[in-house]
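Let me begin by handing over the structure; questions about it come next.
The letters A, B, C and D name the chains in turn, as written, and every chain counts its residues from 1.
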Amino acid sequence: MCTAVSYKTKCHYFGRNLDLERGYNESVVITPRNYELKYRYEKSQKLHYALIGMATIVNDYPLYFEATNEKGLSMAGLNFPNNAHYYEYQNNMENVAPFELIPYVLAQCASVQDVKELLQSINIVHCNFSDGLPVSPLHWIIADGDSSITLECIKEGMRVYDNPFGVLTNNPTFDYHMMHMNNYMHLHEGFSKNQLQASLPLFNYSLGMGAMGLPGDFSSSSRFVKAVFVKEKSYCKGDEKESVNQFFHILQAVAMPKGCVLAHNGDYEYTRYSSCCNTDTQVYYFTTYENMCVRSVDMHSIGLNDSKLSSYPID
Amino acid sequence: MCTAVSYKTKCHYFGRNLDLERGYNESVVITPRNYELKYRYEKSQKLHYALIGMATIVNDYPLYFEATNEKGLSMAGLNFPNNAHYYEYQNNMENVAPFELIPYVLAQCASVQDVKELLQSINIVHCNFSDGLPVSPLHWIIADGDSSITLECIKEGMRVYDNPFGVLTNNPTFDYHMMHMNNYMHLHEGFSKNQLQASLPLFNYSLGMGAMGLPGDFSSSSRFVKAVFVKEKSYCKGDEKESVNQFFHILQAVAMPKGCVLAHNGDYEYTRYSSCCNTDTQVYYFTTYENMCVRSVDMHSIGLNDSKLSSYPID
Amino acid sequence: MCTAVSYKTKCHYFGRNLDLERGYNESVVITPRNYELKYRYEKSQKLHYALIGMATIVNDYPLYFEATNEKGLSMAGLNFPNNAHYYEYQNNMENVAPFELIPYVLAQCASVQDVKELLQSINIVHCNFSDGLPVSPLHWIIADGDSSITLECIKEGMRVYDNPFGVLTNNPTFDYHMMHMNNYMHLHEGFSKNQLQASLPLFNYSLGMGAMGLPGDFSSSSRFVKAVFVKEKSYCKGDEKESVNQFFHILQAVAMPKGCVLAHNGDYEYTRYSSCCNTDTQVYYFTTYENMCVRSVDMHSIGLNDSKLSSYPID
Amino acid sequence: MCTAVSYKTKCHYFGRNLDLERGYNESVVITPRNYELKYRYEKSQKLHYALIGMATIVNDYPLYFEATNEKGLSMAGLNFPNNAHYYEYQNNMENVAPFELIPYVLAQCASVQDVKELLQSINIVHCNFSDGLPVSPLHWIIADGDSSITLECIKEGMRVYDNPFGVLTNNPTFDYHMMHMNNYMHLHEGFSKNQLQASLPLFNYSLGMGAMGLPGDFSSSSRFVKAVFVKEKSYCKGDEKESVNQFFHILQAVAMPKGCVLAHNGDYEYTRYSSCCNTDTQVYYFTTYENMCVRSVDMHSIGLNDSKLSSYPID
């Protein structure tokens, strides 16, 4: 389970909580322009936009959890179990494996508009990375500084939704979250108003009662609602340090402390890392469960024309 | 468990749901002015106000669940388990058993103000009606056309609360319900307003979304909230037929259908009867679980100066 | 707004609350077998199953809100604003206007299975009844003693859902309600169990706490949840009188008291009538807001081979 | 508004979120044994237990928000507006000003049991620190490794509650929070179980659905519930680094991001700092809103027999 957020102050920020019960040896990975991106069905991209994000490198291939490219376009994959459905190979389409999708898109698109166009010719193929790494059930949020979309492959076909909330969590499908959100539109940061009956002696015994009804459990539908609330009500004058700090506070509000969420295997799922990329400058910030100090990697700290992956351990 | 309501249109109405898993052979009982009310500790009242209400008659004594007197003062006892605490006999006080309290009060008081004064000299004594009928843990709502109070005897002493809601259910103590009610003051009958973020595409997919968050379970705290909401939002132009009908609709909104609430003994608790007394005219209306037709008994249909109880079966 | 319920004890019962801010001169209407059912696009049916249900008769045509046929198949139309979308006339299909759909289906189908098959060849055409009676945005629940389905015509096409809940309310689309219902699966009629921490002094201060979290507002999504809960937990040994009575108690639990729900025109929407048809015997029971006494009309009280509508006023 | 937590793994930890719209120049302050604690009504303590905690120093006096002493006893003051009521000076009592209470208690008590005894002779006097620093409306949580109590001074008198939750927030009075908590006892970290009706196709679409209903707003009553849940479900094997880290994750789950809570003056209230003291070793850890890196001050880093306050800036 995860929560991804797109947030704008003076700059645009994109990041996520990764909620899992175990790690995958993930690290911050920069894919420079000349690293050859090889694909299962499509021909490789030798020159492309550089990317930065969190990834597990397997056989020198960056399996990105989320990433941002040098044009400021970002994309994150989030768990979408039982709903994600990938398709058979199709002629006349660009056939892309789920684990290839983030690099495939970010390598060539500079904006959400570009992505929308590209997606018209893409077919996402059910394809394992390897025997040991079977296909993951995912859906994606793709964002630039102006807008966000959600991409979902379900049995009925591929769906591309405008995502005006700039938030993605997990199940159910995105149309559910959008509809469900209407149940919370009355919530606000201020004092609760007596609309029941003016003559009754009702009062605010606490600050914050205007948000009474905001869910606080860790299910994906509740995290969606809370993340939208906290992000939308978020106050930040907006220089870099404040914005990044505020972004991590938003993510903390929907983070999973260890012990609060049981996974299918009996272990606890918790927020292993939180990330925040300034998509204008491509500086990637992160914290981990064990270390809440904000650390960063600047995409421009390496030569973007390199041909080898650079990776930075997070622990 | 039960819900009592005081409601005013052109006249004043007082009534309740009686929620139990079994009956006590209850009937509508008129206690006329010259029926001698005998008490365990105090001397009997030979001449007093006449009463009408629902009662179980045992040994010619009317054990009222709730009643209204000819002055329009009403009182209902509601279950208050684990909280109700009655006291030792005290000299210099008027010592009244819990089962005597409704007749004792309604026999002599004409208003809530009268009751407040009387209560200052009353001590409610722990006293069984009989071996087979041990003392019931109760608290009371007492109302006239102008105001309501709640009376609770707890370990710390007798408490008399102004009850601006004109509603009583069961546990916890009344101060809890009053505080809890603040959590729901923002609820209303209209459309939900987008206070989260004007730019988000949020909308009312249904009528009634302004009350989103109103509880619908059958616990005493949730019934309190819903009864207050429905009563306060209730619309009634106000002639007798409409008012009585509206009153029963209010009670239906917090009634217990059979099967939804399990009692300690493994049986289902349900709303055995609902009552509504026009306290201005002392016409007592009622419905039962098995028969939702509104039936009525008029206190003035008998000679109020009689000396014998009149009872009217409800089934 | 409305709530429809399919419920089985020894017999099968089908009915609904009709929630509107005004009436349409509705009455209980029996359409006998030889009443000629005329259609806008399809040829008329001269001999067909007899129907009973609530309808407004306009120009001798029965505009049914809901009905049951002599085979025990039932169908109700419920408000579905902004979602209902009807289509253009299509060749090679059976073209049916929304207001014709209940008679068209019930005239010829004996089971839900029959309906599923029939629906494959039906096209629901956007077509006003008259200038004064424009098309209504509706979706439908269709039930027999064994199962229920929901029929929704939306922009994306006609959808037929299995409806294991046997309940229908209004917006959003039915897939939302089914998903949303998962949030309430832990609710029950019994005592709340301490699953937070055994060592904490937590207790049930009231009966009914196992359903804490059940919504009680009047929005369509909350009524759906509450209707499912009350219906599923409903306890009824099952003879006719008890079953019918229990059915009306289920409907009362989601009924709208006047004043609690504001309609777009500023009037209050409320539950104008509640109905319950024993689909095995085709006795149609109903109550109205103004008169909660259960009244009934037996389909077999007339000659089913008649050719004229019979109608029975409800006020 | 604030949240305080007492938490035990291998060691005992005590800390809090301080939620305010502005700072008071607070710093980590060690009060060594020979610093003379002067009081308004009682004679000063020249030799006493050493304390460490967060305080504002005014005129060389440490106004502690919360502190722990060298015996491992801890105490925190939390906002209690409109409820806190302090009393007139009384002969034959130890008269203590609210702002003196933390040092007065921690200077001489080694356990919660000691505090309970001391409190029997204490009278908390309405007394401003100065014209510019009027009395604050507070209540207190006092904890050692074995138990916690809540201390509230209200109009009706001083109340000392056993606090089995080891959590304190703000209004209403503590008895409300204890009762309210019962509404959430069914919540847990696992999968939601279908208790509605086994035959219905209900399922967990997400992890974490067992806690569906946990509140997530920032009111004091909701923070109380969520803090109890997260603390009780918290999983920590228990060495120092993990425990401290886990403690901050618990506090983050109820922290206020800037913008989500409006204060009376129109500014935003937010979690200015979070603290966690290992009460066994008296190492005091803290994070601030602007810097989530965990920093620490060890009480034993100074000579505990000193006579001067030591303070450590937090920014």
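Just so it is clear, a contact is a pair of C-beta atoms (placed from the backbone, for glycine too) under 8 Å apart; a residue touches a chain by one contact, two chains touch by 3 or more.
All of these numbers come straight from a predicted model, not from anything done at the bench.
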| item | value |
| --- | --- |
| Chain whose mean Cα position lies farthest from chain A | B |
| Chain pair with more C-beta contacts, B-D versus A-B | A-B |
| Geometric centre distance via CA averages, chain C-chain B, whole Å | 35 |
| Centre-to-centre distance between chain B and chain A (centres being mean Cα positions), rounded to whole Å | 54 |
| Inter-chain centre distance, chain B versus chain D - centres from mean C-alpha coordinates, in Å | 42 |
| Touching two or more other chains - residues of chain A | 172, 179, 183, 187, 205, 209-210, 212-213, 219, 221, 229, 233 |
| Interfacial residue positions of chain B with respect to chain D in the complex | 172, 176, 179-180, 183, 219, 221 |
| Complex interface listing, chain D residues touching chain C | 164-165, 178-179, 181-188, 192-197, 199-205, 209-210, 212-213, 228-229, 232-233 |
| Complex interface listing, chain C residues touching chain B | 1, 82, 170-172, 187, 189-191, 205-222, 225-226, 229-230, 233-236, 241-242, 245-246, 248-250, 252-253, 255-264, 268-269, 287, 289-294 |
